[in-house]
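Should a chain be cited, it is by its letter among A, B, C and D, assigned in written order, with residues numbered from 1 in that chain.
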Amino acid sequence: MRLQFVLSQIGNGLRRNMAMAVSVVLVTFISLTFVGAAVLLQMQVGNMKDEWYDRVEVSIYLCPPDSSVPACAGGEATEQQVEQLQDVLTSDSLSPYVEEVFLETKEQAFEAFQERFGDQDWAQRITVDQMQQSLRVSLVDPELYQVVADEVAGRDGVEEVIDQRSILEPLFLVLNRATVLAAGLAAVMIVAAVLLITTTIRLSAMSRSRETSIMRLVGASNFFIQLPFMLEGAIAALLGAVLASTGLWLGVRSIIENWLAESVRWVNFVNTGDVLVVAPLLVAIGIVLAAISSLVSLSRYTKV
Amino acid sequence: MIRFKKVSKVYARGARPALDQVSLEVGRGEFVFLVGASGSGKSTFLRLVLREERPTHGSVFVAGRDLANLSQWKVPQLRRQIGCVFQDFRLLHNKNVFDNVAIALQVIGKPRHHVMTTVPETLEMVGLAGKEKRLPHELSGGEQQRVAIARAFVNRPAIILADEPTGNLDPTTSVGIMRLLDRINRTGTTVVMATHDDEIVDQMRKRVVELVDGQMVRDQDRGVYGAAR
Amino acid sequence: MIRFKKVSKVYARGARPALDQVSLEVGRGEFVFLVGASGSGKSTFLRLVLREERPTHGSVFVAGRDLANLSQWKVPQLRRQIGCVFQDFRLLHNKNVFDNVAIALQVIGKPRHHVMTTVPETLEMVGLAGKEKRLPHELSGGEQQRVAIARAFVNRPAIILADEPTGNLDPTTSVGIMRLLDRINRTGTTVVMATHDDEIVDQMRKRVVELVDGQMVRDQDRGVYGAAR
Amino acid sequence: MRLQFVLSQIGNGLRRNMAMAVSVVLVTFISLTFVGAAVLLQMQVGNMKDEWYDRVEVSIYLCPPDSSVPACAGGEATEQQVEQLQDVLTSDSLSPYVEEVFLETKEQAFEAFQERFGDQDWAQRITVDQMQQSLRVSLVDPELYQVVADEVAGRDGVEEVIDQRSILEPLFLVLNRATVLAAGLAAVMIVAAVLLITTTIRLSAMSRSRETSIMRLVGASNFFIQLPFMLEGAIAALLGAVLASTGLWLGVRSIIENWLAESVRWVNFVNTGDVLVVAPLLVAIGIVLAAISSLVSLSRYTKV
């Protein structure tokens, strides 16, 4: 009898404030979509760091024959100089930092070059000799790049030391800015959502104030009076969260899986599986929002 | 059943008190008329019994409990022992007669079969048998007030408070309502009724308590409306 | 001033009519009591005059105009010629006495100086001089009803409709309100008042129109409340 | 007297439904921001088309000495072949389509190459001889590329004919997809905004139904009763539009003017001036939204 009564109350409330309930759903939907997008962007950043920071190396470019850099005044790096450098990198003082050292020959460099630019017309006229030898050093801790660079830079036969990480920084910068933007939009929308749920509950309470006052008069408990309002808010927020999860899933599927991941193969993109990880979080946030809003508005509008 | 000990109630700071040092005792099964001019504090008295308001000074005891010590979440329990009837009926417009009465049992979690037997019984008693399916606006004012009384009485409360229950009704209909309240009173229910209706008070000859500007000026057994004028 | 020609009003499909073939003429400056049991159609009669409702059959003329031909946007113009008083006063709780009366002039765009002179004049007339700054809850019921009457009368309407204006008031206060309405009537204003209060009707000896279940059963000059019973 | 009265009514209404008014402002803010973003993105696309479609040319690459393309089996394009091609392009049959023909020599190609890749290490080892001659043809109507291509392709000395526009297509694709996304979000948010404004007005009307009914009773005209509600909605929508314009202005300033435009110099980006053009549009949309919502809700909730 009681459950049925509460359910009919909720149905009444939602029907009576239809426009309001729909707008709560939509606003929760959008705000949680941004929350989800921010989380997915950070997952993407994490993915890429995991993958690339492990693979990225310090490249020690060795002097080519005709370099204009002063350190290479002595002409092309000799085999002896290369061996000396390898010794330094594997010496006791550096070996704790260095994981692996690997010499990229001109031929290997040419292959990598052709792989990247091979479809361009002019690349076909580049010769192996125009390429450059380099030592590729992978580090135990990529953050400690400077130790290795200080030790190696300026030695004979070294033209330039480059930390590949620095090439990736602008990309991470863009991704991080996008995260901030999404999080900012999410914050604004969440404020709007909380205000909205608060107002929905309040509106619902106002439009049913007669019922409520009569129920109070005949001795209904506070909890019993407030439950339908709270559930109304929670249902709307939940629907919003489900929509947001669906939206993100579809977005990731169409934009990333079916498009970006097809054309840009060298990045490990987030996928719909990650969305399924984020979805419960969104649902939880939605419910927490509804609960907070309920507490705020109900204590004010339906007191005994 | 109801005991007021030097109760005062001031609504807004600086305004004159709505109730001023009122001491009163209403026993079990009594029928009391609360009379007095508009603004003399009759509704305030009833609101204090219901604990819709708390007294500024003094203490109120209802059914043996000191309302000052009653914690907020026990207030519903108190109200289940008190039935209320108002001038404007306070029915739910979109629910039929049966549902309007049943709600008083549903919200306190009575089982379905209890509702199904008690509500028709009570409707029969107030003279509305056969009108269960009507909506409030399909009833006359007197009939609507009977529904309200049925709702107040359906879970057999110890006390019934009535705030000008005949204020919206014509004299003939009013007499019918008074007969009904009298009958309920005879089942042992305490009835406190605030009213302006001098004819009814004069006719019923019950205990009369008169308030003037929040002060109790008269407490008369088998009294009349205008004695103090 | 007000003419009903075979007016019927049915609210919901299938329900019995709230007004049934009522024909009536109220002349300029008359004072008419509308009596009848609860649900007999008194309020419906007044709502038809105000064009809050439209008749199902028949036609209503107010101040010479056929309300059936009155376009929607001219309704406010009609209402400016009619003052209304209700049982529950209908004052704005957060505005003081002056503002409650002034609103009737403000919404029809009267200039400031007109408001500043007319409102105090009217308050003086209803006996509230000096209480301009009070809020409604700082007044007694009778005083609140005087504010409502001042608001209804402040722009000197041709007609005043009163729906149980003394329903919430005790007998003494009610007599004061009736005197005031009588005085307004003597200035040439038509007054139509729906009431249950037999004492007042018997005392005033004005024209009495009685409705029973929506039908007009009596139209008596210098009548009493219960004649048809 | 009347104006003052209306103003005090509006003030009351906004104060009483503070939470609601704030959420209308926020939701209008976000929805109009997306509208603005969509418009700016399309302006950006327009900008780039205007600028680039005028400049882009059909490039007729001439055979280099060592090409693997069958058409170039005869070795490097001779001067005579080049002259013949120029004649064809300026002949009566093609001249209506061709605006200008210009021969890019190897030296000029090298210069352009160095300008683009000069900061890369390997580019410094590319020689002038590895570059390729080409004829650059600018068209009267860039859409009629195929006419020229059909006429020239396969002639002696022509290695390949490339329409530069096709290089830009992926970029426009990305921008257009971003526009669709922004417009989609804008649409959802606008629906939410309309529902919200509707409900705000309704809530406002409900919470003032006593006042309203009393005003009606004393003969206030419909317009006079409804005006404060309409203005409330309009003020909230207006504030949202102003916030959206400010947000876009700040966004364009910090993201585009101070960052993208600094690092990517070859694109003619939209700027804060364009935001000022979009702003009145946003304000107009906000006001139209409010007006529609008012009409819908007021006809239902404050009728005479």
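Just so it is clear, a contact is a pair of C-beta atoms (placed from the backbone, for glycine too) under 8 Å apart; a residue touches a chain by one contact, two chains touch by 3 or more.
Here the structure is a predicted model, which is why all the values come from computation and not from measurement.
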Per Cα centroids, the chain farthest from chain A: C
Distance between the centres, which are taken as Cα means, of chain D and chain A, whole angstrom: 26
Whole-Å gap separating chain B and chain D, where each centre is the average of the chain's CA atoms: 70
Interchain centroid distance [CA atoms averaged], chain C/chain D, Å: 64
Chain A, residues touching no fewer than two other chains: none
Shared-contact residues (touching 2 or more other chains) in chain B: none
Topology of the chain contact graph, where touching chains are joined (line, ring, star, complete, other): ring
Chain pairs in mutual contact under the definition given at the outset: A-B, A-D, B-C, C-D
Residue ranges of chain C in contact with chain D within the complex: 50, 72-73, 75-80, 84, 90, 92, 103-104, 106-112, 115, 151
Chain D-touching residues of chain A, taken from the complex the two chains share: 17, 19-20, 22-23, 26-27, 29-30, 61, 64, 66, 68, 113, 121-122, 124-126, 130-132, 160, 170, 177, 185, 188-189, 191-192, 195-196, 198-199, 202-203, 206-207, 255
For the chain A and chain B complex, residues of the former touching the latter: 1-2, 5, 210-211, 213-222, 224, 304
Complex contacts: residues of chain C adjacent to chain B: 11-12, 15, 35-39, 87, 137-142, 164, 167-173, 196, 198, 225-226, 229
